[in-house]
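Contents: one structure, followed by commentary.
Letters A, B, C and D mark the chains as written, and numbering starts fresh at 1 in each.
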Amino acid sequence: MPTALARWERRTEWPLAGVASCFLAAYSVQVLVRPVGIFTETTEAVILASWAAFGADFVVRLCLAERRGRWVLRHLHELAIIALPVLRPLRLLRLVTLVAVLQRAVGGAVHGRIVTYTAATTSLLIYVASLAMLDAERGKGGRIQTFPDALWWAVTTITTVGYGDYTPATPTGRCVAVALMLGGIGLIGVVTATLASWIVRRVSEEEDAQLATKAQIQDLLREVRDLREQVRDLEGSLLGEQSRTR
Amino acid sequence: MPTALARWERRTEWPLAGVASCFLAAYSVQVLVRPVGIFTETTEAVILASWAAFGADFVVRLCLAERRGRWVLRHLHELAIIALPVLRPLRLLRLVTLVAVLQRAVGGAVHGRIVTYTAATTSLLIYVASLAMLDAERGKGGRIQTFPDALWWAVTTITTVGYGDYTPATPTGRCVAVALMLGGIGLIGVVTATLASWIVRRVSEEEDAQLATKAQIQDLLREVRDLREQVRDLEGSLLGEQSRTR
Amino acid sequence: MPTALARWERRTEWPLAGVASCFLAAYSVQVLVRPVGIFTETTEAVILASWAAFGADFVVRLCLAERRGRWVLRHLHELAIIALPVLRPLRLLRLVTLVAVLQRAVGGAVHGRIVTYTAATTSLLIYVASLAMLDAERGKGGRIQTFPDALWWAVTTITTVGYGDYTPATPTGRCVAVALMLGGIGLIGVVTATLASWIVRRVSEEEDAQLATKAQIQDLLREVRDLREQVRDLEGSLLGEQSRTR
Amino acid sequence: MPTALARWERRTEWPLAGVASCFLAAYSVQVLVRPVGIFTETTEAVILASWAAFGADFVVRLCLAERRGRWVLRHLHELAIIALPVLRPLRLLRLVTLVAVLQRAVGGAVHGRIVTYTAATTSLLIYVASLAMLDAERGKGGRIQTFPDALWWAVTTITTVGYGDYTPATPTGRCVAVALMLGGIGLIGVVTATLASWIVRRVSEEEDAQLATKAQIQDLLREVRDLREQVRDLEGSLLGEQSRTR
């Protein structure tokens, strides 16, 4: 039976992905459109509401956890995302969970799932980092002043190319950049590892001397068990003969 | 029996590689030589004809596909290459198919094939990206104004070195750069993965404790079957004795 | 029984980690706070004392080693760290041992241990390299003049992004940078390798045809031994019959 | 029996490594010291003599090869190194062979050998590329004008960091840079792959369910053969009884 925590997490998966989508929409509007008057207040309200939802979810999960100290230690990154305004855009990573949920429904092989997951996470990371960078750098005298420039900067950073034609100058912007660089290391790692796994499999498939499989060992086991049965029968018939000759 | 779609794809493999070669020649001439008068029209005509050929091939394959919705989803990148003029140079990636076809004829081990394939794709990608970048940036006030500079930029980008001495300034040029960066991540991934696969194999070859192979399990199975036969013979001779003593 | 050298190394593990912590504190204060008067002398004294402790440890281990020539060859990097003032900050890598010791006490799977170890080493390397870079470059006319800038430079370098907005200009600074770049190559390598190992395992877990395991082979072996016992009993009963009929 | 070509290659291994060492010394002196008068002529003579030696070796091996067309195709890179003056520094890669020869004499595990080989090749590549870059760029108006700057540029390039504070401006310098970048991709690949192989092995060592080894299968086979022997003996004693009772 799943624990109360696991049940809560399964039930809130979709609602929280919805909250993250609303947050993404409101944050995008706020940064890209820069609304005035009533619209500013609306987007601010949506962002505040989504923050409250994530905070409430964190508190509920903390209460449901069995070993709270250990649970907090393992979810320190979530606490940081909720508590620090600078890490606010990272709340959108909740949408990655959405990809995972959708994929679980569809199914598929490990390699395919990793590819979809990586592509979705990378795209989301680039988009969110560009928004956050633009939000942090605009009007601060840095070079990144438009969304296309921020996108261009994000791609050159996550691929670790790093031309240096656009670089962040504010502390907030640099924090966003560091998150994106770590994402880049991870991206290269996942791409390489998936390819390595695929090549290792292709090579081993082509090898003449294939490894013994579970199924083959079970065939062998069945054979030996049949043999034991046969020997038992032989013994039985021998004993029958003995009783007859006695 | 192969489907109609598979038959069509096998038959059009060579003709389409030929079309891609013509496109490569015409595009190279257009960008590098910048012909005037009748020559401009000729190269334009060849590029238009190759575009029509790829478009027709896409339509025919769409008609032959069994589950069209799913087929389109899986070939969205081809649709994008045909529909968007910006992605025009990517049509040349059809030439990679040529490498694959040639290699299938020659044969060879997995590692060797991956090396040839990677080298060919990377060279083609660098050449095409340099052409496309020069086409996009020339006369737009950017730093990339000659083909050698474009080549130099392409190599620093695909290896993720990214000096930043030459960077694209136009949106089209940046799209080309993003494609090249993704190619670079893939290049590093393939090189690393192939090396990893090779090292893993070398290490496991040197190990004393080698894994059981299919052949060895079969030897063992034969041995056990012979034993069963022997026991059956024994039983037979025992029964013969019983009938004689009875 | 462990050798005298192994016993010495186990006993000095914690004291030397403590010495490294004191060195880290004194070095941080010296570079970041730039104390005056009595405080300068105190930090200098701590740094000198930690150097003496590491030197004494090296000499003791050299004396305890069985094959001294080979031992020195294998610990040349430690000799260099002690003898060359430029490599002074690398003494802090002794703290990585502390992570190893703590982790050995806690236990855990290989993957988890590698992740903790990599995160701790990378953080320490970035912090120490930033300190050393600031120490080397400050007041020399280079661009790196504050600790946040040094940290930003260190992160862009270890992730191999290399924007080039901040670069070292002094020979000492460049030596620090080279050490950090090598650390970056190692970081990418470890991340990729851990991911590859994890993916390879996930893929092989999902495969239907699993490899034969030691346990299964032992089940089979037990089965065959039982059979031999049975045949021996059969032989015994047959001989008994023979002696009775004789 | 080894072919005439294999015998020639084994015999010329050491002499050619010596020629490469002389070339390295002469080339270093020529680039770094820039000798005048008689010394210029001496270094020029040594470089010319080493070129003649490599050329002669290539011709002899071509004559000894069994299938010359295929041999030339497989050694095109050597032909290019001998024929093109730009690739002259690459002749030094012959020294890598020296590392291989020394290591073969010493022995050791696969991982250790790969580490030594990679470290030696990378160091040699960085040194030679710095020399070649300085030779190409000096006095041409580029930023690389001293050997320390060339070394710094080489390290930032091979680690794919690519700050861009020093970049080659001449075509020759850029060719050197491309070779170094490819070396960098290879370096990252080898480091990652070696780590991956090591981690995969560590993880599989810790697993409870270990794979069946050749040795275990042979134990099992011996057991089954003993059993067959036993059954044969049983059959013999049964036949003996039959002949006695008959």
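Heads up, the rule we're going with is that a residue touches a chain if its C-beta (ideal position, glycine included) is under 8 Å from a C-beta of that chain, and two chains touch if they have at least 3 such contacts.
Which chain is which protein? Per UniProt: A, B, C, D = Ion transporter.
Values in this document were obtained by computation on a predicted structure and should not be read as measured data.
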### Task
Could you work out which pair in B-C, A-D or C-D copies the interface of A-C, where over half of the contact pairs coincide by residue number?
C-D
### Query
Count the touching C-beta pairs: is B-C or B-D ahead?
B-D
#### Entry: Distance from the mean Cα position of subunit C (Ion transporter) to that of subunit B (Ion transporter), given in whole angstrom
39
### Query
From the C-alpha centre of subunit B (Ion transporter) to that of subunit D (Ion transporter), how far is it in Å?
27
### Task
For subunit C (Ion transporter), write out the residues touching at least two other chains, lowest number first.
160-164, 188, 192-194, 196, 200, 211-213, 216-217, 220, 224, 227, 231, 234, 238, 245
### Of subunit D (Ion transporter), residues touching subunit B (Ion transporter) in the complex
109-111, 114, 157, 160-164, 167, 171, 174, 177-178, 181-182, 184-186, 188-190, 192-194, 196-197, 200-201, 211-217, 220-221, 224-225, 227-228, 231-232, 234-235, 238-239, 242, 245-246
### Query
Which of the residues in subunit C (Ion transporter) come into contact with subunit A (Ion transporter) in the complex?
148, 152, 155-156, 159-165, 187-188, 191-196, 198-200, 202-203, 206, 209-213, 216-217, 219-220, 223-224, 226-227, 230-231, 233-234, 237-238, 241, 244-245
### Message
Show me the residue ranges of subunit B (Ion transporter) that touch subunit C (Ion transporter) in the complex, using the header's touch definition.
### Response
160-164, 192-193, 196, 211-212, 217
